[in-house]
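Below are two complexes that have chain A in common, paired first with chain B and then with chain C.
Moving on to the complex of A and B:
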């Protein structure tokens, strides 16, 4: 029995592991990536170049400061290790460099993070169209600049953050298409109260982009990407308050790269498998694990922290991770002098603030009209918006019924990319609330693993191919 | 479109991987996706519907960047490190 297992070595998981270890508990920290840091503090396996662009250097420095805590003797880090199942009794199934393995945890902290929300439009499957996070991971983890003439499109402060990072790395930012009109952001500015550092950073980014001559187009969306074998152009257009493109002139841009981000969705696969209760929290990116004030889920001894509780960014992830680490260590019998009260208050405050901010940058239903009937929604199984709309007209109202009916969400990504889009499509076509679409039922393994992993007593290393 | 390596040329010694029978330069610590992008290759595979696909999420969740590596199909190039013995097949 392992005292404490932490799944996910991003900011929340690392904060939890370090806090629990410092209290005296023995912690096993598991991550699918080879290095800890998660996506936000993505570490490169490459040596750092003599000079990194300034904002990347700052991110690298902050990440190194957090990750330094992992050198604690009570922490065992296991990289390159996929957790493909978790049960309510805290049994964790792994697949790592040494093959399959099962661990039992007295306390289990799930910090599985989030994935990016992307909205479809004609041409969004072309090579060269990628997520904003994908382009950032190339910069942070690979020291690689994805393109030379880049359009960033979607909604939220990340677009401008990434715009500055790509600019510093040497790209030309052809435009940033932000869905929200500037007027509505300003009208909601009271929701920025308490975000002094974020506002300062945002204004600084806006100045940097302006100085570089980058057009930041508020109230715009990308409506099309064009190109033969890779993207060579993009069209942006003004949208109305509901996200419908307005009649009127479109702007065609010559670009070689398009980066998309419409916020994030919590990765609740593991908390779902563990039988934890979830709720639909619109301001936190949709379905998220429910916890009490101590980050404990409805399953005793299973904690959820960071993005799994709803999108809260690094600001919420760090105090929530620390709190779960503190409480889990205490439940394991390690008495610390430090009271959990201040950490609990910090976590609650961070979460409330981020929740307010999230509501300023919501996805709009009218965007679903950008997907033409021949635009793919499920990229894996190549299911088009037209096929899905036809199925919805037959009376389908939930994700779990749409999947066997159309195969959307049945491919290798298991609905990670199309799931949030399908929920928007169902809402747009039926007029029902997004939450009535429900969640996909999750079954192990959460990602493909060698078939031998699932068989008892089998050393065969053959890889399972699903098609 | 060819992706640009920051801090290039990198001081450490490079090695080569084979892509469709031709050598492509790579550096220790790079993913196969990064090596392909830096070599100007953006199409990593063709779908069953004959559409080109490449790098998309960068974090191993979208399964768009699949390649055939050392004869094993459906390997996620964005989370697979390049190594000197790598033999990659991708559409021309």
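Moving on to the complex of A and C:
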């Protein structure tokens, strides 16, 4: 039995592991990436390159400070290791360089992060259309530019953050198409008054984009991507308050890359497999694991921290990780002196801000009308919007019914990409709230693994069944 | 047998390809002690007029070269068996019912069924109330609770069955395979994935997988198909079915206004179409078809 297992070595998981280890507990930290750091500190575990653009250099410094804690003797880091199944009794199935393995944890901390949301439109499956995170990964990981002439489209502050990073790295940003009209962002800006540093950062980004002559188009959406074998053009258009394209002129842009981000969705696959309860709200980015003040889920001994609890950003992930690390160590019989009060307050404050951002930069239902009947929605199984709409007209109202009906969500990604889109499609077609579509039931393995991973590991597996 | 005769025409009848593949069923023998049992089984089934025969190891190898020859001693072979895509079968029937004029309410749980004064039934499904002359309870593992509501307790137990599917592969075989002793079945779907299941079904109402059962099934299938070891598994899942003490369904009248058809005990896919057909006849004529007489609820009187 492992004292504490932490799944996910992003800011939340690393903070949890370090805190618990410092309290004396033995921790196994697992990540499918070879290096710790997660989404935000992706490359910080490597020596910083000599010359880095200023925004990336700052990111490296923060990350290195956090990851230094992982050298604690109580921490075993297992990289390149996918957790493909978790059960409510805290059995964790691994697939990694050490071969298949099953571990049992006395306390389990799930810090699996989030994934990016995208919305479909004609041409969104063309090569050269990618997520903003994908472009950042190329930049942080391999110092590569995703393209030379880039359109960033979607909604949220990340578009401008990434715009500045790509600009610094030498790309031409042809335009940024932000779904929300500037007026509606400003009208809601008093909500951010208590976060002056963040507002300053945002204004700073806006100024730098302006100086570089990047057109930031508020109240616009990408309505089409064009090209033969890869993207060579994109069309953006004004949208109304509900997200429907307005009649009127469109702008055609010559681009070689389109980067999309429509916010994030918590990655709840592991907490769902573990049987934890979830709730839905736009301010969490959709479905998120429910926890108490100690970050413990509805399943005793299973904690959820960081993005899994709802999209909250790095500044929520770090204190939440520390909190879970403390509580899990205490439950394992170790004493911790850190007082939980300030940590909890820091997490709440960060969440309050990001929660506001998530509502201000919400996806709009009218965008679903962009998908034509022949636009693919489920890319793995190649299911089109038309096929899905036909099924919905037959009375389907939930993701779980749509799946066997149409095969959408049955492919390799198990609906990770199309799930949030399908929820919007159901809402748009039925007029019901997005949450009434429910979540896809998660089936193990969370990602495809070779069957050899599931071979019997000892004789017990035989005895129980050969009767 | 009546059910088998129904399947080949179903895609046409329903207007949707149910991916029916009729290439026979092989029940594989892996250890000598079961060869004799199989021979006896075959004899019995032949007496019933079923076309089944014994295949020796060479016959099996010739018929399904993808299987590991060393692992198999022989098989019982029934050439008329087949397999279908269960989703398409269900969707096909649903759409056909709609075309024939049936109304539907999906995503609503029935919580109350009451008898009305006029001899009909009143069904409460979420905010909807539906009145009908007859209600048919065919709610799988949910049937026990509904029959209880009607005041007729039935000895139904929920059992969870588990199965897995691999990533799509080039065509390997068209037949359906099982084993003796039971514990594993597999087929290749039209999509290309090898779909396999088995293990012990577990007595519980929750539809989820158990790592031990998944490992057991994997151990068994990779002995017969070693090439699968390196193939990705896409999905493992569990589903719950209502089981009866004798493994046969319950198809009977519960009251003046209610019929029940459930307790398929893990065989409802094969039996569903034929049972549905006879139920429809029953509703139409008001007379219970003789074929359904062995499935009365009365046979459980002693068990309750």
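Of note:
Going forward, the second predicted complex is superposed on the first by the 450 of 467 C-alpha atoms of A that agree within 3 Å, B and C clash if a C-alpha of one lies under 4 Å from a C-alpha of the other, contacts with A are read in each partner's own complex, and residues count from 1 in each chain.
Going forward, a contact is a pair of C-beta atoms (placed from the backbone, for glycine too) under 8 Å apart; a residue touches a chain by one contact, two chains touch by 3 or more.
Computed from a predicted model, the values in this text were never measured in an experiment.
Residue contacts after overlaying the shared chain place A:147 against chain B, while chain C stays out of touching range.
In the superposition on chain A, contact of A:52 is made with chain B only, not with chain C. A simple residue count on chain A separates chain B from chain C, and the partner touching more is B. In the overlay built on the shared chain, the residue A:451 is in contact with chain C alone; chain B does not reach it. Contacts of A:412 after superposition: both chain B and chain C are touched. Using the contact criterion defined above for the overlaid structures, shared-chain residue A:200 touches neither chain B nor chain C, since it reaches no partner.
Once the two complexes are overlaid on the shared chain, A:395 sits against chain C while remaining clear of chain B. Once the two complexes are overlaid on the shared chain, A:91 sits against chain C while remaining clear of chain B.
Judged by the document's definition of touching, chain A residues 411-412, 448, 465-466 lie at the interface with chain B and also at the interface with chain C.
The touching residues of chain C, when paired with chain A in their complex, are 87, 90-91, 94-95, 98, 104-107, 166-167, 181, 183, 199-200, 209-216, 218-219, 221-222, 228-237. By the touch criterion given at the top, residues 32-34, 39, 44-47, 49-53, 115-116, 125-131, 133-139, 141-148, 169-170, 229-230, 256-257, 379-380, 382, 411-413, 416-417, 447-448, 463, 465-466 of chain A touch chain B in their complex. Listed in rising order, the residues of chain B touching chain A in the complex are 1, 3-7, 10-12, 27-31, 33-34, 37-38, 42-44, 47-49, 51-64, 66, 72-74, 78-79, 81.
Residue ranges on chain A touching chain C, taken from their complex, read 85, 87, 91, 93, 102, 394-398, 401, 404-405, 407, 410-412, 414, 441, 443-445, 448-457, 460-462, 464-467.
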